[in-house]
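Going in written order, the chains are labelled A, B and C, and every chain counts its residues from 1.
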């Protein structure tokens, strides 16, 4: 994970903008590429060892962390790279999750196939949502995606669909075992952990290549100055809708994985709170900085527990305080903090 | 008499980009100084630095008081009116409301209505449009409104950022004639930043030439106007 | 027919609450150009304070203005204290702060006053406005108070100097500074006013929906919807939008069978979005033309 290349932050739409980081600077910190590679390998080594050292529940938590990281990665592609706002990514997560559940329990198809199906389905859904979203900017897009997030659990509870969705009770999924006799070495939790890890690495690789490609540059150009981009011949409509589709795809695959890991889907698992969680993870990790997804996911998985340890009755309040503290310390998320550090060191 | 505005070693930057590299100049009491230069030379940045709108270093003294550490609002309250680049009118508010806003720092009272009438005297076109939304005015009228609003402050120093920008020659002549009147009648000191050198030199007492963040020439307006190099580069003859 | 009219009246009455919330939303929007998700929770918290004072035996006519004042100061203080350090942070970071405030207010309310439903009396009394009237006393009261708030706001913005300064700061903050307006103070004032209006909305709705920590969330959403529908730059639009949302919500809930209690909100939101697709700046809003 060469951190340098992902340090591309644009200004989110709105009067209060942090000055955008010029790409020149990102290239200037290219000397950290070796450092970035080193960090990546170290993390990978730790990741491989972890499931053998931690208890079953902790392994499950780490797997969940990776699932959320993928979901956050998806949102980052839309908001950080393309500058479109979404308060409704929980909806795409839900679509992916229910795809897994329905395919595995109602149709008896193996879990491996659920991922690509969820991906494609969510891409289509995201793209279709992205089309009307073209007409909406900033706050209006926020409201539209918000409506989507709020509507999701209600739609999942609708009686006509109960046959497929299991209605309010949801669907229980049987946890898959490790295949090909690996179950002698890995228990189900560990297997799912590695499965998620591999999928996550692959998706991260995809995301990184996307950002570095011409498409990625076009998306960022649209984020930074849509009028200029259009006048340079970039078909902003197609790119923006595609960005929605790709973003939804990532988050949908995350949802799919999440369902398999948690072994359960039900409408009330996918409320507005989920969309908020993904958004918080995005900001904490750093908007526009892909590796931040891990840090953001770590925050949203572990900090609520810490808050509850401090005070059961005021868990929410302490979570809020933690959020404020982190934003004060790192107004642009972990990514912003690292960039500021890098800038100070290079002086 | 000591100058009303003294700038020494002013530096300003946008992030990592240094725009002003330590410039020094002054504006005399009741006089007009003009800062001439091409696009990107740092003219607008200078005015914004004086008003505290960007990060700056150096000494800025207004009427004997150091203002380089003050906020924009505090600087304005001391009697500096800035007519910004692009007019800066409150587009959805009416002409009259724009003028009232100019007097925001003054205590309420009949003086203000009297001053509004005086503005209409200087700018009759504004009186015709007093209830219209400022955004619906033409470019020239908006420039007049911006200047009028600045006058409503009863400033001791007016900063004008490219008042001729985007306006037809006839209108810009009108505006500069009015500025000359204002200088005479109201005794307001002015610092005019302009690309249009001949217009500016027409009303200025002193002129400074700025190029890539540094002052390369300074002197009386007449001297600058007569200078061969300036005439070739900025006046076209 | 009578059912229809009754539903319209009921819709207008609940719409009055949404209109109030929508007003608060527009107040904040003018100042900071985004939506404050914590506004509902702050209003709820104010309502709890009102309830507590009533429990202590203070008379309603005293509690009402007192809570408004407290809410004003609270909103002002929160803006100055919480948001000042991150003035220049990106928009999304601000949104996370709103989320944090939401969690904090919700949590404290539940902690201090627990989650059981409390009833709040109506200052207007129970029962129909006059014998056989279609509209209740409290409903009429809600509509009346909302219109009074709107009128006061209009007066404030049109005739007072501070109101003009606030409008200027919203339209062009940089130029506002250049005429000596302390823009950050105007923002804080906007917050204070929004919180005060929110408190009014909370105190008006509590007798109807009963007081509990999660009461304001859906009301806030309807308020957002109303504000956006009316156009975020127009207080009058916000009020009209709020009333429309109230009526539509009631009619949809009554006449369309699929829409039970659960789907009302998303349908309302989707309707708003549909309107936005046709008229992106809302019914009375002004499209901000971006000059290149």
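Please note the rule applied: a contact is a pair of C-beta atoms (placed from the backbone, for glycine too) under 8 Å apart; a residue touches a chain by one contact, two chains touch by 3 or more.
Since the structure is predicted, the reported quantities are computational estimates derived from the model, not experimental observations.
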- Central chain, going by Cα centroids? C
- Top of the farthest list for chain C, CA-centroid basis, is B
- Note on the structure: Whole-Å distance, C-alpha centre of chain B to that of chain C, is 42
- Query: Distance-wise, how many Å sit between the C-alpha centres of chain A and chain B, to the nearest whole number?
  - Reply: 50
- Query: Using the average of all C-alpha atoms in each chain as its centre, how far is it in Å between chain A and chain C?
  - Reply: 32
- Can you check the complex and tell me which residues of chain A touch chain C? 11-18, 79, 132, 135-137, 139-140, 142-144, 146-147, 150-151, 154-155, 157-158, 227, 276, 279-280, 282-284, 287, 313-321, 323-324, 327-328, 331-333
- Once bound in the complex, which stretches of chain B touch chain C? 51, 53, 72-73, 76-77, 81-82, 84, 88-93, 97, 100-102, 104-105, 108, 149, 153
- Message: Please output the residues of chain C touching chain A within their complex, sorted ascending.
- Response: 29, 32-35, 82, 85-97, 99-104, 106-108, 110-111, 173, 221, 224-225, 228, 232, 258, 262-263, 265-266, 269-270, 272-273, 276-277, 280, 290, 292
- In their shared complex, chain B is touched by residues of chain C numbered 161, 164-165, 167-168, 171-172, 174-183, 286
